[in-house]
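This is the structure I have questions about; it appears just below.
Order as written gives the chain letters A, B, C and D; numbering starts at 1 within each chain.
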Amino acid sequence: MVTVQESEYWRWPESIWVDESKNWQDAEVISCGIDLGSVSTQAVVMLDGELYAYANMRTGTSSAASAEKAVNAMLEKIGDMKRDDIHYIVGTGYGRVSIPFAQKTITEIACHGRGAVYVYGDKVRTVLDMGGQDLKAIKVDSRGKVINFLMNDKCAAGTGRGIEVVCDLLSIPITEAGQLSLQVDEEPEPVSTTCVVFAKSEILGLIRKGWGKERILAAFFNAVASRVVELLERVGVEPEFAITGGISKNIGVVKRIEDKLGLKALEPKYDPQLAGAIGAALFGRALYIKSKK
Amino acid sequence: MGKNVDDLAQLKQFKEWFDNRHEYAKKWKKKTGGKVVGYYCTYVPEEILYAAGVLPVRILGSHEPESITRPYLHDMYCPFCHDTLAQGLEGRYDYLDGVTLAQSCLHMRQSYFSFVDRVPNIEWDYYLPFPHGVTNPYAADFAKHEFENFKAAVEDWLGVTITDRDLDRAIEVYNKNRELMTKVFEMRKADNPPITGLHAMYMVVSSQVVDKAEHNEVLEGFVEELQDVENDREIGTRLMLIGSEDYDKELFELIEYGMNYPATFVFEENCTGARYFWGLVENGDDRLMALAKRYVYRVPCPAKDWARGDFFGRRRFQFIEEVIKDYNVDAVIIAQMKFCDPHELDIPALREMLDNMGVTHLHLELDLTQPVGQFRTRVEAMIEAMGEEDLFI
Amino acid sequence: MPVAGIDVGSKLTKVVIMGENKKVLSYVVMRTGTDHKKTSEEAFEEALKKAGVAREDIKKIVATGFGKISAPFADEELTQIMAAGKGAYYVRPTTRTVIEVGAEESRAVKLDENGNVKDFALADKCAAGAGSFVDAMIRYLEVTPEEFGQLALQATRAIPMNAQCVVFAESEVVSLLHSNVPKAEISRAIHDAIADRVAAIARRLDIQDDVLLIGGLAYDIGFIDSMKRELGREVYVPEEYPPEVIPAIGAALSAL
Amino acid sequence: MEVKVRPFDCWDDFKNYRIEYYKNYLEAKDKGGIRWAGSAWSFDPVPAGLGEDVYPLTGEPYGATAAFFREFSVRALETIERKGAARDLCGYMRNYWGSVAMDKYLLADGTEIEPFPKPDFNFTIHICCTHAKWYHYAAELEGGVPTYAVDISVGPGYQLDDKKIEYVVRQLEDAVTWMEKVTGREYDDELLIKAVENEAKSMTLWSKICKLNQAVPAPMEEKSMFSFYVMTLLRRSDEKVVKLYEKLYDEVESRVKRGIGALTHEQFRFVTDNPPPWPFLKVYRYLEQTYGAVSVGSIYTFGLGASWIGMDEKGENWIWEPAPTPEEAGYEIHDRRSALWWTAMFNLKYRASWQHEYSHWIRKQETLQMVKDWKADAIIMHLNRGCELWNMSTLEVRDYLVKNNVPVATYEGNMADPREFDEARTFNVIDSFMQSLGIEKLA
């Protein structure tokens, strides 16, 4: 049998962080949010509604174990905090129903809306969450409450997984793809579709035609951006807009969305991939206070 | 303490009919020696078949993925038409003697043609031209003419004469069924409706596949018993379902029983719901005309509901608007079969109408099996967006 | 003088060197990557080395798959349909229906008793990508390809899953994973779903025995099992050669 | 063997008519005229009774033109998708809706005009699930243009009876009254009668021209036919269209006599079924240049624009013979009613494309007979995701033809959505098909 070496170009780095300047024992409410996504899992701890620690890891095959792993990694980094010290845990994301230790679950749509206000400030009105499986365009008020939202139809797979597949196809590490795609003199025509399957066959055609990787990526991201803008325009985009989720780290996609909208996305104060977990933790705090009343 | 609807024998009966519809039809055949005709669209005037002693049963799918239809039906035809044909090809409709279709959407038509050609036991088939424009003043006349032909064809096939008395009896049975189901639906206007969407689906779909007289008997008891029902479930968000045929248990179970937030359907507008039975036959001297009028003027399928001359609205939308008010609907779920053109064609306008009414709505695309996780997130998020003000501190 | 067949697939590049007596002298399989020309050049060189044949001695080279554009040194081109048909007939002359499932494309070919192509069908776009879907699922489930196939055989329950398209299917798999369905059942569901789609293509031809399964996915015993069930008949795989090199053999044959 | 080829003398006449057509519609209002829009299948003679300055815009050819200009098309499609239109809806309609929503009108040469010229009224028919809804929503996008749709759901032509025809005639009568009301004009029955006669003439002429293509070598290839047949969809009741077809008939007839063909090397003859992928007509070019393969006809161009006897009375065999004109049939058109009756009957009975919606059998016979009559070696079918009606039965027909030993190839695409076409795959299908049939590439 022939074995073929598989490189993992789609892999992006995991990270764990703690705000060393804070002492968690001083906090009145310690809340935790876990965003168990299809691709990545984030856990955050907030002290009285301020970000204190997080872990950002890849989702494994078992939801419960992935949540467990992220929380433990984070607690380990904090050092002396135990899970029991947390007052309230809220789960969100795809796998939210299978986080055994979460007291409550809330959808990632509500959490991203809420979290976006924390990450980007209360001016933000349109939140675009670009994750592994879904695209979501969310309109929020100044508190981060969802007014309206739209998710991509199934047939518009311009999602994180799609990007992973294409990076794999081109053998380009996903973290570099965005930057690379900007190194073209002239923006090529978008590939005609963002459906992963169609796009792949088109990209194979481009490879055959001898297109450079930069140009192919540019054409692909251009298409992804078109699809996203279409979704945004369907909910009605307002100038103060922000991008959350993993793809917000892909400058190649972000820049093209901005160009198409003629708007600049807000600058995040924290890692935007955390928005969902942050939102969950903030809801956790509110729920805890509510339960004490 | 009132009764729980799930304990009612009648509901169990509906569910049993729904689950074992093929066995029912086979038994019926054995018992009566009569013929069973499958029908493809709810515009078929079942009364005419029933008057001839035939058992009309609606052809439905099984919600299992299949590839057996792919050589015959294009991939971009809706999953419902694939699913129904698959049942025929798999031999699950081996008890049917005939099959018929009233002109409706193209997808169903194509499925019907293949069914006729490829299901071996079909001895009689009839394509019934039926007005496509039900907003047309001449439609009833034309429908009557076609019903005459249909009746003649049935008589010819069976070697019987369908008398006025036969028709009267059939109309009576069918009207009664409609009346009773409407009564049940009306009870759902209450703050604490006695049944959920899942129950309603069992009731309506079972009526499409069993002898209506038998169904009526059970229905009568059901209506009676429902007076005393007091469910302990939390009603939560009052939902209305709009869209293509939908008899997928999983979807109802997910939304009404499987979410983080309580929610209950209080009305289903689709053709496995109210569109099927709403509106009676106003019988008179001209039976076929009375039937024609019922079918032409019933709450229309979007395939037939369009602007024409001075009429610029959509009759179906007027109905939806009334229901939303009468049933105190909080939010609408538009659940449409993937690739279903008739429904898709109405969706931009439907959304606009709901927006103008200030009614929250969510659009789901149905397939043979559903991505439960995605649907759950969407529906829960919709409900979250509607409330929980106190979480924003 | 020997000839060569080269098949540049979207995932794998395959080269076969064949003697005048139709004997396969060597074959090579290599990951295609993004520089097709370089890969095909390398694979060809290696195949020559393995066969112990000098380049000048090759009488004719026929390319299939992406064809000459990826292997400019080839003399002629053969379509994948013909390549699959010829190759299949060579390894199993009783074959009447060839089903090829590769990384991005699937196809079915009907042969007559002399190995001529009578009819063929290609996967519709939305049904494409079977092999790479499997690759992605293997990653999701964190198993090896062999385990993935084995797992399916251990399943005790068939979960219906829509495979209308791999994009939809992926989100269904994610749903299953998150509802803690055992991996064995997920694997079975995936295999069934792909088999369902592939069978749909094959059914456009009026399927006749023997059915030979070729292409990379013919390695996967879970898939073979699902195909048998789906078609309700015996499904063979090539015995002497790896299933993905059959089209390259077909190309080499046409060079003779 | 080399065949003599030469360009069509009347090519420019057809081209100019098309250019004029879109301009006339655009400029109608400047001269106090009337504009109406509707499906190309509408009863086009009926609005003609409103006057000689009445100009139609038929949606399907417009959609095809838009699709041909890919860049415009993608913009139009994306615009309407943003408004929530599903991607699997009729491709022509989405291009049309998109144009209206962008408020941009496309001329035959690709010039964009702003704003989109709204019609005074929409007048359409309804046979697939789309037609009437198309104009219903378009009218809403346009801010409420009066709209009338005629229901023609009466079943196949060979089963036509008086009551069925009557159903359509009554609607047409009603439509006339309605048109008078919305335009404030008095209706002229003489104009109607003329238009009805013209309609029959142009459709019958086109069927006679189609028949000439049975000759070997074929005098026309399908790409030219696309440009010719479309007149029957633009405005078949126009006297000028009749004249164009008379001229074309003479020319094609003389080509046949002189042995002038469409291709220098006619190696292979095939027919097609669906509307082609308009943005990718190079598929035809490829077949011609690489394989000397000529498309000699299609049930699309023949079935839409021409009138045929069609299914015999028993519903067993399809007859590709031109339908009679009123004159030939000995039918006298003398007043509004007799005129409306004729156009209703003529379309319901003889318009091939309205027959096969009612059964697989009809479509199968129709296609198989075409392969035989036009001496085709094979059929290449377009699994067209852009039109659910033309796409109906295609796979069943494929199966039937294969069983009848007709080689069939299928490729996927979309007649009017440039984003749904995979060039490489399509050429691959063609190459595979030709190789499997042993057809060599031309040197």
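One rule holds in what follows: a residue touches a chain if its C-beta (ideal position, glycine included) is under 8 Å from a C-beta of that chain, and two chains touch if they have at least 3 such contacts.
Here the structure is a predicted model, which is why all the values come from computation and not from measurement.
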Contacts common to chain A and chain C (chain labels): B, D
A-D or C-D, whichever has more C-beta pairs in contact: C-D
Interchain centroid distance [CA atoms averaged], chain A/chain D, Å: 49
Chain C and chain D: spacing of chain centres that average the CA atoms, whole Å: 42
Computed distance of Cα centres, chain D from chain B, in Å: 36
Inter-centroid spacing, chain C versus chain B (mean Cα positions, whole Å): 44
Chain A, residues touching no fewer than two other chains: 94, 97, 133, 154-155, 198, 201, 204, 208
Shared interface positions of chain D, touching two or more other chains: 83-84, 383, 395, 399, 422, 425
Junction residues of chain C, two or more chains touched: 124-126, 168, 171, 174-175, 178-179, 204
Topology of the chain contact graph, where touching chains are joined (line, ring, star, complete, other): complete
Residues on chain A engaged by chain D in the complex (per definition of touch): 155, 192-193, 198, 201-202, 204-205, 208, 226, 230, 233-234
Complex contact set, residues of chain C against chain B: 124, 126-127, 160-164, 168, 171-172, 174-175, 178-179, 193, 196-197, 199-201, 203-204, 230
Touch list for chain D against partner chain B, complex: 83-86, 88-90, 126-130, 132-137, 139-140, 144, 146-155, 163-164, 167, 170-171, 174-175, 178, 357-360, 383, 385, 388-389, 391-396, 399
Complex contacts: residues of chain A adjacent to chain C: 1-2, 4-6, 36, 38, 60-64, 94-95, 97-98, 133, 154-155, 157, 161-162, 165, 169-171, 195-198, 200-201, 204, 207-208, 213
Residue ranges of chain D touching chain C (in the complex, touch as defined): 383, 395, 398-399, 402, 407-408, 410, 412, 422, 425, 428-429, 431-433, 435-436
